[in-house]
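Worksheet: the structure to be examined is printed underneath.
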Amino acid sequence: MLKIDGVSRRFGEVTALDEVSLEIGQGEFFALLGPSGCGKTTLLRIIAGFETPDAGTVTLDGEDLLAKQPNRRPISLMFQSYALFPHMTVAKNVAYGLERERLPRQEIKQRVGEVLETVGLSAHASRKPAQLSGGQRQRVALARSIVKRPRLLLLDEPLSALDKKVRADMQLELKRLQHEVGITFVVVTHDQEEAMSLADRIAVFDSGSVRQVDEPISLYERPRTPFVADFVGANNLFQGTASGLDGIKSAEFGMLAGTPLTDLEPGAKALLAVRPEKLVLAEGNATRGLSGSVLDVSFYGGVSHLSVDVPGHVKPVLVAVQGASSVRQGAKVKVRWEAKDAVIMAADQ
Amino acid sequence: MSRSRGRRLGAFVFLSPGLTYLLVLLLVPLALMMSYTVFQRGRFGGVVYEFTMENFARLADPLYVGVVVESLKIAAVTTVIALLVGYPTAYLIAQLPRKWKTIALVAVVLPFWTNFIIRVYAWVILLSGPGLINSGLKVFGLGPLDLLYNEGAIVAGLVYSYLPLMVLPLFAAIEKLDPQLREASANLGAAPLTTFRKVTLPLSLPGVMTGCLFVFVPSFGNFVIPELLGGSKSIMVGNLIRQQFLSARDWPFGSTLALAVIAVLIVLVVVQAWVARRA
Amino acid sequence: MRRSKLLYVPFWATYAFLYLPIIVLVVMSFNSGDSAYSYEGFSLKWYGELAKDERVLDGVVNTLIVATGATVIATVLGTLLAVGLVRHTKSKVLEAVSLMPAVLPDLVLAIGLLVFYGMIQLTLGLYSAILAHGVFAMAFVAAVVRTRLSGADTSLEEASRDLGAGPVATFMKITLPQLMPGIVAGALLAFTLSLDEFVIAFFTIGNSDQTLPIVIYSMIRFGVTPKINALAAILLLVSFTAVIAGQRLTKIGESRAQD
Amino acid sequence: GGESSSGSNGSTVAAADQLKPNADLSKQSLQITVWDGYTPETLPQKVKDKLKVKDVQIQLHDTNEIAMNKLTAPGDSGIDVAFVSGQYAQALNEQGLLEPIHPELIPNLANLYPEATQLSYDKGNKYSVPYTWGTTGICYRTDLVKAKPTSWNDLLKPPAWAEKKVTMMTTERWLALPALKALGYSVNTDKDDEIAKVRELLMAQKPHLLTYDDTTFGDRLKSGEAVMVEAWDGWCPTTDPKGNIAFQVPKEGSDLWVDTMVIMKSSKNKEAAHALINYILDPSIHSWAAENINYKVPNKAAMEQVKIAKGSLLDIPPAKLLDGESIIDLGQASTKYTRLSSDVQAK
Amino acid sequence: MLKIDGVSRRFGEVTALDEVSLEIGQGEFFALLGPSGCGKTTLLRIIAGFETPDAGTVTLDGEDLLAKQPNRRPISLMFQSYALFPHMTVAKNVAYGLERERLPRQEIKQRVGEVLETVGLSAHASRKPAQLSGGQRQRVALARSIVKRPRLLLLDEPLSALDKKVRADMQLELKRLQHEVGITFVVVTHDQEEAMSLADRIAVFDSGSVRQVDEPISLYERPRTPFVADFVGANNLFQGTASGLDGIKSAEFGMLAGTPLTDLEPGAKALLAVRPEKLVLAEGNATRGLSGSVLDVSFYGGVSHLSVDVPGHVKPVLVAVQGASSVRQGAKVKVRWEAKDAVIMAADQ
């Protein structure tokens, strides 16, 4: 449906996008993930028509999008900074897009009422944006873009100012729009859980380039590059050299068990990544595993994170355990994992 | 509480210099002038300090009422045209890169650093019977057109003379608008004209109001242009006041006419403020 | 976002409209005849005439002094007044007073000031005209700056206060720069209006001082001569040069500041 | 006119003795207000050299009217000598603003034509001294008129060939003058019915006019934009090299206008002011106006120095000029003319 | 240190704050948590001096704060909308507060350089805010307020626009400031994990009132009101009537095991709350527990969430298990928990 091909955009010295190519299917929920400043907003603005790429093409169902004026594109963009009309009430802001389609008054009124109900702002319909809290503004912006039910919805960090409860409701609503109305979504989010739970596919960006496009579980479990492994979720990375199908050879720890995702020349520099929740913690006198001592235990509501200092490894190793942990700071422990739970990839040059 | 003391101090610091200045150099002289409205003209000019309300009675003269109405009309037409011409200009200047912005802005006022009367004469040269435009038309075997000495010429001259007074406040108002709002509007399906009507215009309304006031007021009170481009064949309120002060040396009635003009304008300003607040 | 090319039509049309008469008057300044009305042939004689005329030169100097003085007064007081009106009072009366000079017929202000100066036995000079021009110029600056200020976001000022800046520092470092386009527009207006003002200057300036408009108005009893056009042409040339030089200088200043 | 001269007599007596003929002029300086180009540019310097006054400053005014407002405002205008037309001098005097002329300080008054001391706004030059004089008539293009204009009616009811090629003056008294004369009335009438008749004539004329104009009618004739205009004699460009412009005083008669010099009562330099007027009346100085700006001067000695071409504008003898009726200030009735001109010019 | 006493603030009809009282200690890291629009920003603005409360007092070390001009309060506020100075470069923005203290140029330069390094924007020092991405702007705002090292730092959703990695770095930096410099923090966040892991104490707000102030673990494990139980983290709530020290009586399920936190009249309406991660999933034929069927399994990177339809209970019961779950959709299961893992509280009237 949406095809982005070799799109680049430079701002003076800065390369915001560097030959980005993506294909997004009809009805797909597509998430963009990447560090701050990597070009996500720029890409959305190009699709919506507010930036012109220096190179590359963007087509929607085969039709050249770049040739179209922004107001003729069947696309809604929710701006990262909301861009609410300050002189209009909340209801007027939301009705704006519908009025442009010359829908009957009655229908506009009804749809605006419904969407305000959905975002929980019915009581605020006649206020001006300046009289709203930050999260309320964000919800108005969201309502304004979803009420149009465009073919393609671009959301730039749509839920970042919302609390967990409201956010969950909004996520449900977005899913409903995807399934019932068949809208295609491209959503920028820095919330990985959100990306993981909502998206059909996720593109990971870095410095203006796409690093990996994959389904959430694949992305999480089979990162292709050290950047993705490190960026998506927490990960423990060990350096070494490739050594057959079941591990890498590490200078400090000898063989470390793991599964290579791609062919690697034996002896080539390689990286092994293993998730904190895949790690198993054993008593310090257990036979297998890397020895270390617990540096810190922190409780993240539901899960406890332990950082374990493993002599020979630069960063502390992170371990996640369900519930409050019984292990105390300073305890001597062993850390180990299964080969199938660790992935091996080529190290960056 | 100290917050409100701070606020009062702020009000004092910001308001008192300008208001003191205006009190001394505007309100006092104005009060002097307005006191003449209840006195009489001396036989040979000057003021005789005998109370009378006759000056106000004279205002009802259909001649003066007619001129006021006509002036309102001409000033209104001028203002609308200046707005239509000035808005797109101000809008584009506001979008220019910064270094061009200042140049374009100064270029709007630069012609006005010559002299009013010379500029108006330049229009005479352009529009007159044997003038430039008619000479041009003649080459094509057309014309000559009666371009000068009619209300059209007055309006053209007024628009020309007061265009910067429209463009500059508009610029100041438009320049501050967040471009993302226009983008949001386009994104929601609004054609450029709709975006203009629904977003840009309402948000720049204070500038529109100020610009309109700036053009309307001097147009309403102008006297040179009706003389030179209108051929004095239709005069405006400014001519009336001028005639009273200069030809008739009738300060009392001149002041009374001025008071009437101020009253009309204040009504307009109040309406403007009201509209601006509603917007 | 791409801008519609169509918008450039009224844009350029406006400049054409503004400069067409200017071109005419420059051309007529080279007229060999003595009419500013019908072109008879090329000549520089009017520039020669102009050079001989000391009054004109004095007039130019006086005009610049008056306009500059009035602009400075108007810009400073008008900006303060605008901020005060928007931020520190709700009084409609004060608002009306601040607009009053703009709606007042110039003869009324002129004669009023003449009478007032007479009453307080002020000897007229350049400064009395500067003070007088300051009155209407201030109204224009205040109105334009208010336009700029209305609906402006106050959170920047709050942030400044929060970072420890007092009201004065906040005004100078945050409010003023935000208002700058409005202040520049207002000051340009004030300067332009003062430069060209005749009636008020005539009545409030000292007898031995004349501004250029006074000189020019007295000259045109017989109609405009090419001499005045020559003067206008020179004024234009000087203004253009000054503006472009100013632009260059600020650009250099900016690039220095960047380093 | 009778009333006004009694007023001026009063003030003449009041201040007669205070001036010292031998005052030290080097302690006095002069502020003069005058029309641009009306006196030689070198005048201030010459006066300083000749009279040894401290300083001479020229202030320019563009019209009588605007000068009047400055001169009549409360307080000291700072002006010593003003150049204004006759009826304005009269009005200034009526308001008690003028210093009576001290003839003993102006020996050159003897140079004036005898006629120039009999001007109706100021018989005997009690408070004003005439500087230039002339009349009003029809200025026209000899090559573009189908018939030479001889009557004010040629202007008031322009023939078809002059349609929209005729201008009238806008200043109120001169606006009314052609109609007043055509109807046989006095230029100084204050009768409402007569002024109403004038209004009718002017209203009927308005649609056929090119424009009202009292500054650039000369240019309009030269360019052919107008063929026939109401004009003051001195402003009718009969000296144009093309030689196709002529001036005619219509048969119904016209006015006599006089531009005068007056001394302000508020002046602190009255001796110097008198000395200035005396100096200007010197034939060698006074002739400048006739020689350079084509104005007749009421100075017999001066006019005798000037070469006058036969039939030129300067070739109108004083006696003939005095046939014209001087416009005088009508006091309260003068506002009728202001209203008349507003009325005619309003749409 | 900071004492807020009975502070109320109304905007027309809206009561943004309703008699809020809080005490925050020297060097404490205090978090404000609450739904969008509950008055968090308003409270910070009152402390900083940009709103005047309708009632109540605010003192800092016993000194009346409200009497002080904002610029004389030893407080920095990071605005939710950043409020960056658009006409100044990033460096100038950050230097602004230091320049107001008339510090030596050299010191300003050095401190600005350091803090920009910390927030990862050294390369952007000479850009204007308009040339930055959303997350970069937020970091400038953060840098601008922390560089002053005020006694009290108020941060209004300081990290909401940042990706996980940068956010973790920033969190560390904030902790460092707390410990090394001894700054007191009041931070608004909608990110509960953030609040849990950073804060010494958390205040939960709702509709302008404080509902509970507690340390993170207490708040999580011993919510005092249904609102807090529901708002903080995910929770499964069961209705019933109080019945002694070990459970509630539910109409549908009979006795449900739990621990009351306060005295409850036997027979009073009560609510039992149990966390998803405290639930144990057993085969459908196990002896104990509530029977249900798995509706949906979703994978949130590290943890799997199952929703289980339990006939008789309105909402599906949420269960969290470590790692990818082996239970499939539709499976019949039993759900149970220990009495010590469920809390019992009075139901809202």
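Letters A, B, C, D and E mark the chains as written, and numbering starts fresh at 1 in each.
Here is the rule we go by: contacts are C-beta pairs under 8 Å (C-beta built on N, C-alpha and C of every residue); 3 or more make two chains touch, one makes a residue touch a chain.
The chain lineup, named per UniProt: A, E = Spermidine/putrescine import ATP-binding protein PotA; B, C = ABC transporter permease.
It should be emphasised that the depicted structure is a prediction, and the values quoted were computed from it without experimental measurement.
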Item to complete: Could you tell me which chain lies farthest from chain E when each chain's centre is the average position of its Cα atoms?
Response: D
Response to the item:
Chain centres computed over CA atoms; the one at greatest distance from chain A is chain D
Discussion item. For this structure, which two chains share the highest number of contact pairs?
Written reply: B-C
Worksheet item: Between chain B and chain D, what is the gap in Å from one C-alpha centre to the other?
Response: 36
Worksheet item: Distance from the CA centroid of chain A to that of chain D, rounded to the nearest Å?
Response: 91
Fill in: Whole-Å separation of chain centres (CA-atom averages), chain C against chain E
56
Item to complete: List, in ascending order, every residue of chain D touching at least 2 other chains.
Response: 63, 66, 69, 223
Discussion item. Give the residues of chain C touching no fewer than two other chains, as numbers and ranges.
Written reply: 1, 36-38, 111, 115, 119, 151, 167, 217, 220, 224
Worksheet, complete the sentence: chain E residues touching 2+ other chains are 49, 69, 81
Worksheet item: Quick one: in the complex, what on chain C touches chain B?
Response: 1, 3-4, 7-8, 10-11, 13-15, 17-22, 24-25, 28, 36-38, 73, 76-78, 80-81, 83-85, 87-89, 92, 94-109, 111-113, 115-116, 119, 131-132, 134-135, 138, 140, 142-148, 150-152, 167, 181-182, 184-186, 188-189, 191-192, 195-196, 198, 212-213, 216-217, 220, 224, 228-229, 231-232, 235-236, 239-240, 243, 247, 250-251
Worksheet item: How about chain E: which of its residues touch chain A in the complex?
Response: 11, 33-37, 40-41, 80-81, 131-136, 138-139, 156-157, 160-167, 190, 192-193, 196-197, 216-217, 220, 230-234, 275-278, 298-303, 320-324
Practice prompt. Provide the residue numbers of chain C that touch chain E in the complex, in ascending order.
Written response: 153, 155-156, 158-167, 169-170, 173-174, 177-178, 258
Worksheet entry | chain B residues touching chain C - in the complex, by the definition given at the top | 6-7, 10-11, 13-15, 17-19, 21-22, 25-30, 32-33, 85-86, 88-89, 91-93, 95, 99, 101-103, 105-119, 121-126, 128, 130, 132, 160, 163-165, 167-169, 171-173, 175-176, 179, 182-183, 186, 192, 203, 206-207, 209-210, 213-214, 217, 221, 238, 241-242, 245-246, 251, 254-255, 258, 261-262, 265-266, 269-270, 273, 276
Response to the item:
Residue set of chain D touching chain C in the complex reads 31, 33, 35-37, 57, 59-63, 66, 69-70, 73-79, 215-216, 218-220, 222-223, 235
